Amino acid sequence: MSFDKAIAGQEPGPLVIGPFTRTDIVRYQGASGDMNPVHHDEVFAKKSGFPAPLGVGMFTAGCMTTWATDWLGPEHVQRTRIRFKKPVFPGVTVSFAGKVIARDESARTVEVELWGTDDAGDAVVQGWMTFDFSAGA
Amino acid sequence: MSFDKAIAGQEPGPLVIGPFTRTDIVRYQGASGDMNPVHHDEVFAKKSGFPAPLGVGMFTAGCMTTWATDWLGPEHVQRTRIRFKKPVFPGVTVSFAGKVIARDESARTVEVELWGTDDAGDAVVQGWMTFDFSAGA
Amino acid sequence: MVAKASLGVEGAPFEMDIERGKIAEFARAVRSSHPAHLLRDGAVVPPTFLTTQFFWEARVDDANPWSQVKMNQERGMHAEQEYVFHGPPPRAGERLFAQSKIAEIWEKESRSAGTLTFVKMVTEYRDADGKLRAEAILTGVETSKPPERKEGA
Amino acid sequence: MVAKASLGVEGAPFEMDIERGKIAEFARAVRSSHPAHLLRDGAVVPPTFLTTQFFWEARVDDANPWSQVKMNQERGMHAEQEYVFHGPPPRAGERLFAQSKIAEIWEKESRSAGTLTFVKMVTEYRDADGKLRAEAILTGVETSKPPERKEGA
């Protein structure tokens, strides 16, 4: 069913998340184990030249892949590639979306391109995922 | 062996932790799941009337019980009671210590009183723990 | 102000798996490197570990009845916390079945802070056979006058 | 500056248990409520979940060889990240055996940023039988000139 959905190329609308809060960032840091202080220590972040704690690139990337797995199912993920483009600071809202860029009907795999766009219209993260439906469902 | 140590009343020296950083607080929040923003959101904490993110009482309490389990072993803990006394802000160092206040040789249990004292000399947290050695060791 | 009608309110039951990774993460956060927390199988929980029930409550609607106490944010604080293990402390690999209840509400007069209203919430943790394995007892207090802040949790 | 001698350096092997609680915690953090992440037994990991290797590396001395790359803090950044699952994604209940290696170092000229030095670290995750289950591939880049900051991780 998911493969048919993906084949049909009927991508769902964007997943809009934000404005991101400092708590969102800390929740991700706790979940992931990345304890870099630039993401939560306001004093440290300002000393490092940032206006506020810096978002975590892998957090934004994780939200982006959520757009895809909400649609096609995490149990079919085979490959995920992420490219970091621009930091996301607290207060920013990001719109995540994507589209099918390749389908292989015999292998029953689908390739999806993904992106996140902030409220200034800039790309913050970009990604490519392969979903494998060969085991059925 | 632990029971004999506890019976002898040879408490180890204090466990000194600090100066506490914002990262220490965030690491605890991530571990515990308490995502109250007053503990990591500098802007929110200041709006709430605090000079900086507030430490987590349960974090300080957890460090206090570490003093006791390092000595007597977490596998013997039966009861832990904690009373919160004073907040700990980033930059503060706390000294954790305790003493045996009761021993029951027939039940093979030991009661310990614990406390944490900040660098201003104030009690920040107080506790009471019961260790049960009846299962041996 | 504390809603006295919350007395006796029970949260929805929730499960809590005791897991190796979270035990090590929690032990590290509270600066414990005791080897019992780092056992490959059957790691022992730190004394205050059951506070991680936050994660497991979040999976179930209305698991935590504390919000029904409606304690004032400015004048309320976490006064005491207690953990009782019935038998040996939980270890990694156990699946516990938990439920929280607003167990007690009482008042006390204080010269400095006016009327103090205390609320006790008890969470019971049972094994698959229904045997009580642990209790977590949270005591919150609300003052009738704005207090000095003591604890922000 | 990137230490070219770090090429080929392997970290110490480490274990990583895939656990129900951390999967739900991570899924919630990245705003996924897909039911496959919340299965009682055999919950499926989110696509980027293996980044939680941070917790498991921390248990073992020298498990993460990245520090030996000595990338400049100011001019280095996380450029790309990739996860490959060989077969179905890992599920709660699996115990994986992981090892990281500095796998590639290469240079590229850029008009705006001078010489770019790329470093790729690959972490392989195997099951108890030695079968490759997943790979995590981190690409860092260091510029020879101070860049605009793009990513702070």
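Residue numbering begins at 1 within each chain, and the chains themselves are lettered A, B, C and D in the order written.
We adopt the following convention: a residue touches a chain if its C-beta (ideal position, glycine included) is under 8 Å from a C-beta of that chain, and two chains touch if they have at least 3 such contacts.
All figures in this text were calculated on a predicted structure; none of them were measured in a lab.
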item	value
Set of chains adjacent to chain A and to chain C	B, D
Chain A onto chain B, rotation angle from CA fit, given as a multiple of 5 degrees	180
Gap in Å, rounded to a whole number, between the CA centres of chain B and chain A	39
Chain centre separation in whole Å, for chain D relative to chain B (CA means)	34
Centroid distance [mean C-alpha coordinates] between chain C and chain B, Å	16
Gap in Å, rounded to a whole number, between the CA centres of chain D and chain C	34
Shared-contact residues (touching 2 or more other chains) in chain C	22, 25, 28, 52, 55, 58
Chain B: positions in contact with at least two other chains	27, 30-31, 33, 35
Chain-level touch network, classified as line, ring, star, complete or other	ring
Contacting chain pairs - touch in the sense defined above	A-B, A-D, B-C, C-D
Chain A-touching residues of chain D, taken from the complex the two chains share	22, 25-26, 28-32, 34, 36-37, 44-48, 51-55, 58, 77-85, 88-89, 149-153
Interface residues, chain B side, partner chain A - complex	21-23, 26-27, 29-31, 33, 35, 37, 40-44
Chain C - residues contacting chain D, complex	15, 17, 19-22, 24-25, 28, 38, 40, 52, 55-56, 58-59
Residue ranges of chain A touching chain D (in the complex, touch as defined)	15, 17, 24, 27-28, 30-36, 38-39, 48-50, 54, 56-59, 61-63, 65-66, 68-70, 73-75, 77-87, 129, 135
